[in-house]
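Each of the next two complexes has chain A plus one other chain: chain B in the first, chain C in the second.
And then the complex of A and B:
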């Protein structure tokens, strides 16, 4: 296999967002070194500016329909890639803004923090474009290295170091699995490009290889049974990093999962559907049940995140074009609700230095704004209409019903009821219980901005989801031929009524 | 019921969002007195709009009136589609009426966090209005679920019982459990529509045009039944009700006992969409047995209650049994009686809850031990208590009589056994009410009755009088109300009688007939909305993707 690396100007255009972000993060680092006395808050705004510029670039690509593939299909820019890059960049911008107050409490390496966040974001942007197992491996590791450092950023805090170590060991293990899986798949098929694998005949080696790759990606998205690192890492990591971890890498890894299963493994759909059904049921049930017992809000959100990924995998289990639309839209709704909830957690922990749910007692009296925002985000996560989460869940359940996945559906629905319970427990503490310390809490402007963006997103996606659904539908046009919908067969309902 | 009439003015949207805007407006106010006045003003304006709606409503018509439609999520065929017909029109008026009374009742009785309370009440009104005016299934579901949010806070924050936290959570989780099943039922209906037309739609009027295969109807029926039965609540899904009604504030109890959302759903969705399943012999026997069990069991338990609010809870379960009985008698009188009885309960059961509230405010609880001989101290209360109570047990001349009479007529037509068992419920009802009344209101003055016991205040009298006016109006001259519901009830009846396929053919014929007669059809300010669109063929231009 030879690589032809001659690039023309128009080819480079496809890489423009990544190139720009690379230059920008070097600039941020350089500014930090050169002007020692610069206020780190300004550094943060500089970073956010760069991320937003990249975002605008991508939105312009999406609008004008710039698409293409580079390096023998290793890097592809299509609707799905653009969607996930935008998802990653929005979360990066929000996380950077939410970090400002938190970073002030760091003793050193304040500037490098912003650099590392953007670095991870860059890696995830490449992940969204990976269409080849080699680039999957490289980009996945690229983005994860930034996180290894970020998770252990609080050097003085034992929990943070523990979190970093756990994350590192399990992450490296997952990377090993991924590499081994890739080598098996290459051995069986003789290619690394997804689209070329589609015609390969099935074999045991291929199956084992893909299961290993699935395990490695499952580690990234935190699906049961690959979730064990999540609660401790989420709890120990600096809260803005937890917020970042809870959405961006999951999105990027899902981009790879969708591509891999929809393109490379389209012919084996009946087999992998089962894989996702099981993983989805386990994630939803485990995540929701264990979340009930949590006393720490970050752990609660960690488990709720595991459950939410279970919901997302319902879309993969459906394995249709609509399933992929639903995943994209669901991730958007999850982005705003989840980041918003973490922003509230950051706000509270900045002020009272605690993440215990007990300390949310009477939050409504101390800061009605934070309490109301948290209420909205939790209700959206629970799927209460007309908030974003409801439309996301509805969409994903419709995709499942189309494919007659009734067991999955019933488990999913029961899980909604379970999840409502622990979200309401937090609501109860905020609104009903008396605060231990009734001093009012004030929220800084950047954090307020993040919370307002979260509120706006949660409401907008719920009340007027049309443009976003259209976007998701357009982005996944390339999967239109994956499997013809079988819903036109009236036997669906009949068979259901029979059994 | 496929015909749509537009009004040229989005009166339903205004009805829907006015209370919500009012609630947001309250947020900006600080002065408690001003807050109360604004809340009352908003509620009265809403009532005025609802009365206007009732006056402009064309009676004896099965058409969907005041229709408004906007695309919401075209990819799934979900639209913002509002309309009222004979089935929902009276509920709109009732909800607006009850909200005014609740605000009046809460004027002095709610001191703690008054602003949040009135905001919750107004927000609750929006969600209830939404349930009655939505004819898109998902939009309906949105309001159905959304109603839980203000209800949860009302029970939790302003509840009067010790167990209010438990009650609030139980209410939310039980209702949620039922409604997720209902959502599956709705999705299956939409999927069936997709099988035939290759488009998605959750619009009731679209779904009515496509027959559901008889074999699938049963399954969908039970899915939807779960949602409705938990909310109604139909025996034995009622266990959340005693907790919520006894522990919650009076305002919430009035809404939960007075506005019959669950049974409304049967008339709105189950019967027209799933006529074969609704008339299925097994289904009818099962539901009728549940209804009879509720009537008899509820009434017997009510007799034994020492607490007036608990008595009302079980009497409410018993009355709901009557409503379900009338519905599943599946004949015109039964449906008509049930629909009217649902409205009646909004005046009688809800009225008794108000009276329980009056007693509670004076005595600190509603236990029988603390009452006795109150009549001599509070003659006004004793009088209204008697009137509303008599209406509740169906004394001729009151509204309860009309409703129960029609229901029993329907039940006897369906099968004499149903009627015979149900009649025993009427007797039990008289027993529990009169026995309680005698012990609490008459007789020697109880030991624990405070010396200084004020009779009804002016505000309370207004509440009681307005309830009595409605009770006697419906009781003595029900025909305006019956005329409003008749057209739609007949349309539901036709679908039940002829089954879905024949009904759809008939609707098509009627619609083409309406096209021919269009000039005469332009009654008042309304016009038949582009008749071709009412029989929208599968070729829909609005990009409803599959």
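And then the complex of A and C:
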């Protein structure tokens, strides 16, 4: 395999968002080192400005339909890539804003924090474009690298160090699995590019290789049985990092999963559908049941995140274009609800220095705004209309029933009821219980902005989702010919109809 | 005009709750005024809808249709038929009355009204949805506000309040206590209600998704589905069972009723009114809308299930109500017993009995609304719902006692109230098909008389304990207005039922012709058919 590295100007245009962000994060670092006395808040706004500029660039790409591939398909810019890049960047901007107050409590390295967050974001933007196993490996490690540092950022806090260590060891293990899987797949097929693998004949080596790659990506998205790092890491990491970790890497890894299974493994669909059905059922059930017992809000959201990923995998199990549309839309709804919920957690922990659910008692009396926002976000996660989460779940279920995945559907529906219980327990604490300490809480402006964006997204996607659904449908146009939705299986139909 | 009125009925309460967000809590009068104005708008608009519905034309009227998502086959499609129109009207009456019943709530007034308005608007939304998606959307949306309303502004049972020692208090505050079945705290009631109804809802959603998947056109539009979708055999049975039991859990049919009395008891007065008055009717209504419209054949074959279960509802609810010692439990069990009548009326698949069932839903909404409103007033004055410890309140509350007697009469079905018309139609219409059930239903009326008059005697007559000497009557107009409104409606439609009857019948007859596979009759002029 030879690389042809002659790049024209129009090729570079495809890389413009990444190049711009790279320059910008160097600028942020340089400003931090050069002007020692600069307020860290301004540094945050500088970073957010860069992220938003990149975001606008990508939206313009999406609007004008700029698409293409570079480096022999190692880097592609298509609808799915643009969608996931926008997802990553929105979450980055919101996380940066939500971090401002939290970072103030750090003793040192305030400037680097923003640099590291943006660097991870950059890695994840590349992940969204990876169309080749080699670039999957490189970009995945690139994005995780920033997170290793970020998770262990609270140096004095033992929990944070523990979280960092756990994340690191398991992360490196996953990287090893990934590399081994890639080498097996390469050995069997002789190629690294997804689209060239589609015609490869099935073999044991190929199957083992892909299962290893799936395990490594399952680690990133936190699917059962690769979830064991999630609760401790989420609890120990600085809360804004947890918020970031809970959405952006999951989105980027899902971009790779969708590409890999829809493009490279399209011919083996019946086999991997089973894989996703099992992983989805395990994730939903395990996440929801264990979440009931949690006493720490970050752990609760961690387990709820595992369950939500179970829901997302219903879409993958459907394995159709409708399934991928549903995943994209679901991730949008999850982005706003989940980041919003974490923003409330950040707000509360800034003020009362606690993440225990017990300390949310009477939040409605202390800060009606925070309590109402949390209520909306939790109910959206639970899937209650008219909030975004409901439309997301319905979309996923519609995708599942089109493929007649009844078991998955029934488990998913029952899990809605289970999850409602623990979300409502938090609601109970906030609204029904009386506060131990009734002093009112006030929220800072940047955090309020994040929460308002979350509320706006949660309501807009719930009440008027049409433009977003259309966006998701357009983004995945390239999958429309790969796995067309099969008409309902006549055998099942006749057996059900008693014919 | 009718379209606008229908939209106003739906959106006025929503708009009211949004406006309330921007009003500070320290101005309770303004909060109440905004709530009352939005509810009043909904009431007037729904009255217009109800009166303007043209029974000669029949079918769905005042239809509004906006595309919502072509990708998923969902449209925002609303309109009412002869079944929806009176129920929308009943919801608006109860919302308006509920606003005034809750006039004296001091704790977090704003939040209370926001949740109450959302609850009512969502129920109104179900009654006018012509799209399965929006039917479910509003249905599930009406369940969640109940959790907060019950949990925050509800009241505990006597057993819970007596746990005042150290250990008892600790137990009361633990999370696990929610699952303690003996406690009946308001938290337990709220959680049980929400989980039960959500579980029912997801069953129904499964049925809805199956309808969506197996219909030739992938759409959620009920008007399209009823024409193009034909289900038979096992598939129809599965969908019917999912839809029926999913929605019947809110109705509530025995044995899925257990959340209901607990929920009624814990809820604040206005919420109990809406809950018993209209929320429970969402079940019957949704079954009619989904099963009767889209699965007529399965309905004809399987509706006898409801005829069997309704007997248990009537008898069980009645007996528990007779022996209950808590005012709200008596009314709550009486409600779940009375909902059995509606199922009986529906199961007979006869146009007289089904018309009676629909009128009964309206009548029961008013009667049970009155009872809960007054039980709430007594609780506010005495801070107890325990019937044995109360008594002799007639001396302090002559007006309330009078209104209570009327409410009991209405609930029993005295001639002159709309309940009488409904009951007699159910009984007459079902007699041919289910004589045994009719006998049970008549005995159930006797039972209703027994427990309601027993409660009335326990509350208002006999010896009064001196600790309740300070209890006072409803004297302000805000307290009397809702009671007079409900009594007035109940008696007015009891004496002049013809428009109501024609409206309901105009929808019921073609629907039943379809189910019973009778060739459509020449539209008869309904006037003069009524006995």
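In this section, the second predicted complex is superposed on the first by the 487 of 499 C-alpha atoms of A that agree within 3 Å, B and C clash if a C-alpha of one lies under 4 Å from a C-alpha of the other, contacts with A are read in each partner's own complex, and residues count from 1 in each chain.
Everything that follows uses one rule, which is that contacts are C-beta pairs under 8 Å (C-beta built on N, C-alpha and C of every residue); 3 or more make two chains touch, one makes a residue touch a chain.
Worth saying up front: this structure is predicted, and the values here are computed from it rather than measured.
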Going by the contact rule set out at the top, does A:59 touch chain B (first), chain C (second), both, or neither? neither
Mind working out whether A:420 is in touch with chain B, chain C, both or neither, as first, second, both or neither? both
A:26 contacts which: chain B (first), chain C (second), both, neither? neither
For A:274 in the superposed arrangement: first (chain B), second (chain C), both or neither? neither
Across the two complexes, find the residues of chain A that touch chain B and also touch chain C. 325, 379, 384-386, 390, 394-395, 397-398, 401-402, 409, 413-414, 416-417, 420-421, 424, 428, 431-432, 465-466, 469-470, 473, 488, 493, 496-498
Interface with chain B, chain A side, in the complex: residues 325, 379, 384-386, 390-391, 394-395, 397-398, 401-402, 409, 413-414, 416-417, 420-421, 424, 428, 431-432, 464-466, 469-470, 473, 485, 487-490, 492-494, 496-498
For the complex, give me every residue of chain C touching chain A. 25, 67-69, 71-72, 108, 111, 133, 136-138, 140-141, 144, 147-148, 151-152, 173, 175, 178, 186-187, 190-191, 194-195, 198-199, 202-203, 205-206, 209-210, 212-214, 232-235, 238
Chain A touches which residues of chain B in the complex? 71-76, 138, 141-143, 145-146, 148-149, 152-153, 156-157, 165, 169, 172-173, 176-177, 180-181, 183-184, 187-188, 190-192, 194-196, 198, 200, 213, 215-216, 218-219, 545-546
Residue set of chain A touching chain C in the complex reads 325, 364, 368, 375, 379, 384-386, 390, 394-395, 397-398, 401-402, 404, 409-410, 413-414, 416-417, 420-421, 424-425, 427-428, 431-433, 465-466, 469-470, 473, 488, 493, 495-499
